[in-house]
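Dropping a structure here in structure tokens format, bear with me for questions.
The first chain written gets the first letter, and so on, giving A, B, C, D, E and F; residue counts start at 1 in each chain.
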Amino acid sequence: MSRELEEFREFREAMNDRILDSGNREIKRFFALDTRAYEDGALPVKTKELLGLTASMVLRCDDCITYHVVRCKEEGVTRAEFMDAFNVALVVGGSIVIPHLRRAVARLDELDGLAGSDGDDADAVTEGDATDAGG
Amino acid sequence: MSRELEEFREFREAMNDRILDSGNREIKRFFALDTRAYEDGALPVKTKELLGLTASMVLRCDDCITYHVVRCKEEGVTRAEFMDAFNVALVVGGSIVIPHLRRAVARLDELDGLAGSDGDDADAVTEGDATDAGG
Amino acid sequence: MSRELEEFREFREAMNDRILDSGNREIKRFFALDTRAYEDGALPVKTKELLGLTASMVLRCDDCITYHVVRCKEEGVTRAEFMDAFNVALVVGGSIVIPHLRRAVARLDELDGLAGSDGDDADAVTEGDATDAGG
Amino acid sequence: MSRELEEFREFREAMNDRILDSGNREIKRFFALDTRAYEDGALPVKTKELLGLTASMVLRCDDCITYHVVRCKEEGVTRAEFMDAFNVALVVGGSIVIPHLRRAVARLDELDGLAGSDGDDADAVTEGDATDAGG
Amino acid sequence: MSRELEEFREFREAMNDRILDSGNREIKRFFALDTRAYEDGALPVKTKELLGLTASMVLRCDDCITYHVVRCKEEGVTRAEFMDAFNVALVVGGSIVIPHLRRAVARLDELDGLAGSDGDDADAVTEGDATDAGG
Amino acid sequence: MSRELEEFREFREAMNDRILDSGNREIKRFFALDTRAYEDGALPVKTKELLGLTASMVLRCDDCITYHVVRCKEEGVTRAEFMDAFNVALVVGGSIVIPHLRRAVARLDELDGLAGSDGDDADAVTEGDATDAGG
């Protein structure tokens, strides 16, 4: 796991603990419902994680996208399936989704051990005619 | 098909025609991309329609929800699968999604030939302790 | 209660029953959490209902606004306090909130037995220099 | 002006009066700022109204869209210019904008005295292969 | 005050000065209205700040949340009251609010001189079974 | 060009290449439509870029704002015209837009070779009575 993903995971877990230890029972219950929403049911886990990923993209929440990209990978979602789900999010949510799409693909590349996360190795891939896609 | 769904379909088709005949080629291409996003690919049509439905719910667009509820029915999505997808949308999007969830279930009931669409027959089902769920 | 508010209440209760009877336990739990969020706690009910109202306005959900306007009235929120909360929502959310503000004030007028709900008696109040406020 | 546009205008003016007479000075000032934002400045009125229209479309507020469509017409915006602005809103905001685009074009048709507003005369234009554009 | 909060405050003040000195009188007036919306009125300052905080959470703006968390602290909002307001925002806005809730609690911890801001000291609190709350 | 803008541009181009090389033709077509939406048509490029900028501000996407600020500069948009467009976005979208407005002005200052980007030189401009504008 890359340094960035590791930091995300650490902060996320530390603050989740702080929140769950705060003594507010309703918030604790909400977190439990959140977990259960993605468990096996009438729809399988993989489909539910794809739903969570697409919902997170159109609502444009990078942390939520990162979480569901990781979970989808664990459920065996292929690169082509990811791109299909990203395309639905892009068409439904518009070009405003593109910056989050870029970061989602960078996260996928990190998980796959490919270069290019967050522009550090950007030079390697920038020669060429990048499209001028707005957003 | 109920009167309301029929009116929705008629207005939708009439205005789509007006838009596609307007001479703006880019909008025409966007509509084509929109259609293609839900065609069979790395992910099957049913999954893609469920993605579209969930995205429409968290973005709270009743017309889009109606469209994808109809398409999901055509793809064989069961009531239990609908409720699973609705639950993901509810947890991700919050109680602000509930009014749209009510209308989505009313649409499903219409498609299934059940009473209750838009409160007309509401009396038949209102005796009892309705929850005070906000939203 | 006006005809329109009555219809809103009937449809809301009928569909809530349909949803709660659907057999999806997670959605049922979400509805319970939703109810509990506005119960007396570290913050009093009145403050929590004002939070729910303001959140509903900036997220622009008319049904949610209607629900919380009714509940705030029951908790003794005065017209001046409503306007203060509306102003916070307006400043935070912008002119895009104005159409919902208009409908919220119409709802309040209905609850107070004043004329003007939904423009039926609009003629009585339209002579004069209505501002051109956009939105 | 069509019956529907007339009703919109009446309700809007009546409730604006109610709001401005409520005694809340801050809201009154917000309405004044809202009016001034579209007055001639470094950018001309027509451009500002197009900005307001596009912002209203991507935020998906039908009342705001109707208001700015009417104002843009008054400023001489042509049908082709409208479609260009609609296309920017569609690309930025995604297919979730389409239902509002349909209603915006129906409003434009009303203003231009064309048939088709709200599906009443829909039959006249529906023969043909309506695209299946989602949303 | 922590380094991070200090940087936020400095950038915020510097850019506010730049904006207010830009010669655009309308923007200046908007900033004045924004300030006044939280002043004592029919509703007390503390309630208004809680409204601003909750609105900022459901609209998911970290800078706005930070600002209102600081102001609420100054108005004597207790940790339990914060958690109550956070819970309303969480239920209304859904799990998409959770990443902002985590950062809000981290900000609160900073203001209270507790460890854990932004994961630097995360190790101290991560042992244990962090929930898998999505988002 | 400043270091920060340079990094933004590099990451953007590198990831656009990754996305366009992914083999998903629909996403590629979406990017093409996105580019074309801002080309000369019934409305001139400058107006279209201002529409894109305002839409990006009310939808609160920093990367999209940065992109359109750069493009507007290239099309000759003056500082006073920028402030007019920012004001429309501020009034339509509310105080929640302010943090993005601050970053947009910082970007503009970078492009104009002025101090103040991202608070590094903030001390130079902070003496004085910064407004308490929320958000």
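As a working rule, a contact is a pair of C-beta atoms (placed from the backbone, for glycine too) under 8 Å apart; a residue touches a chain by one contact, two chains touch by 3 or more.
Because the structure is predicted, anything quoted here is derived from the model rather than measured.
Trainee: Which chains, if any, touch chain B and chain F both?
Mentor: A, C, D, E
Trainee: Same or different, please, for the chain A to chain E contact, judged on whether over half of the interface numbers appear on both copies.
Mentor: Different: fewer than half of the residue numbers at the chain A-chain E interface appear in both copies.
Trainee: With respect to inter-chain C-beta contacts, which pair, A-C or C-F, contains the greater number?
Mentor: Looking at A-C and C-F side by side, C-F shows more C-beta contacts.
Trainee: Can you work out the whole-Å distance between the CA centroids of chain B and chain C?
Mentor: Comparing mean C-alpha positions, chain C is 24 Å from chain B.
Trainee: Using Cα averages as centroids, what's the distance between chain A and chain D in whole Å?
Mentor: 35
Trainee: At what distance in angstrom does the C-alpha mean of chain E lie from that of chain D?
Mentor: It comes to 34 Å between the two C-alpha centres.
Trainee: Specify, in ascending order, the residues of chain D that touch 2 or more different other chains.
Mentor: Within chain D, the residues that touch at least two other chains are 26, 30, 33-34, 37-38, 52, 55-56, 58-59, 64, 80, 83-84, 87, 90-93, 95-96, 134-135.
Trainee: Under the definition above, what is the set of chain D residues touching chain B in their complex?
Mentor: Chain D residues touching chain B: 60, 79-80, 83-84, 86-87, 90-91, 95-96, 98-99, 101-103, 105-106, 109, 116, 118-119, 122-123, 125-126, 128, 130-135.
Trainee: Spell out the part of chain C that touches chain B in their complex, as residue ranges.
Mentor: Per the stated touch rule, the residues are 7, 10-20, 22-24, 26-27, 30-32, 34-35, 37-38, 52, 55-56, 59, 61-64, 67-68, 71.
Trainee: Which residues of chain D touch chain E in the complex?
Mentor: Touch list, chain D to chain E: 26, 29-30, 33, 36-37.
Trainee: Of all residues in chain E, which touch chain B in the complex?
Mentor: For this pair, the touching residues of chain E are 58, 90-97, 134-135.
Trainee: Across the complex, what residues on chain D touch chain F?
Mentor: Against chain F, chain D makes touches at 33-34, 37-38, 41-43, 47-48, 50-52, 54-56, 58-59, 64, 78, 80-81, 83-85, 87-89, 91-93.
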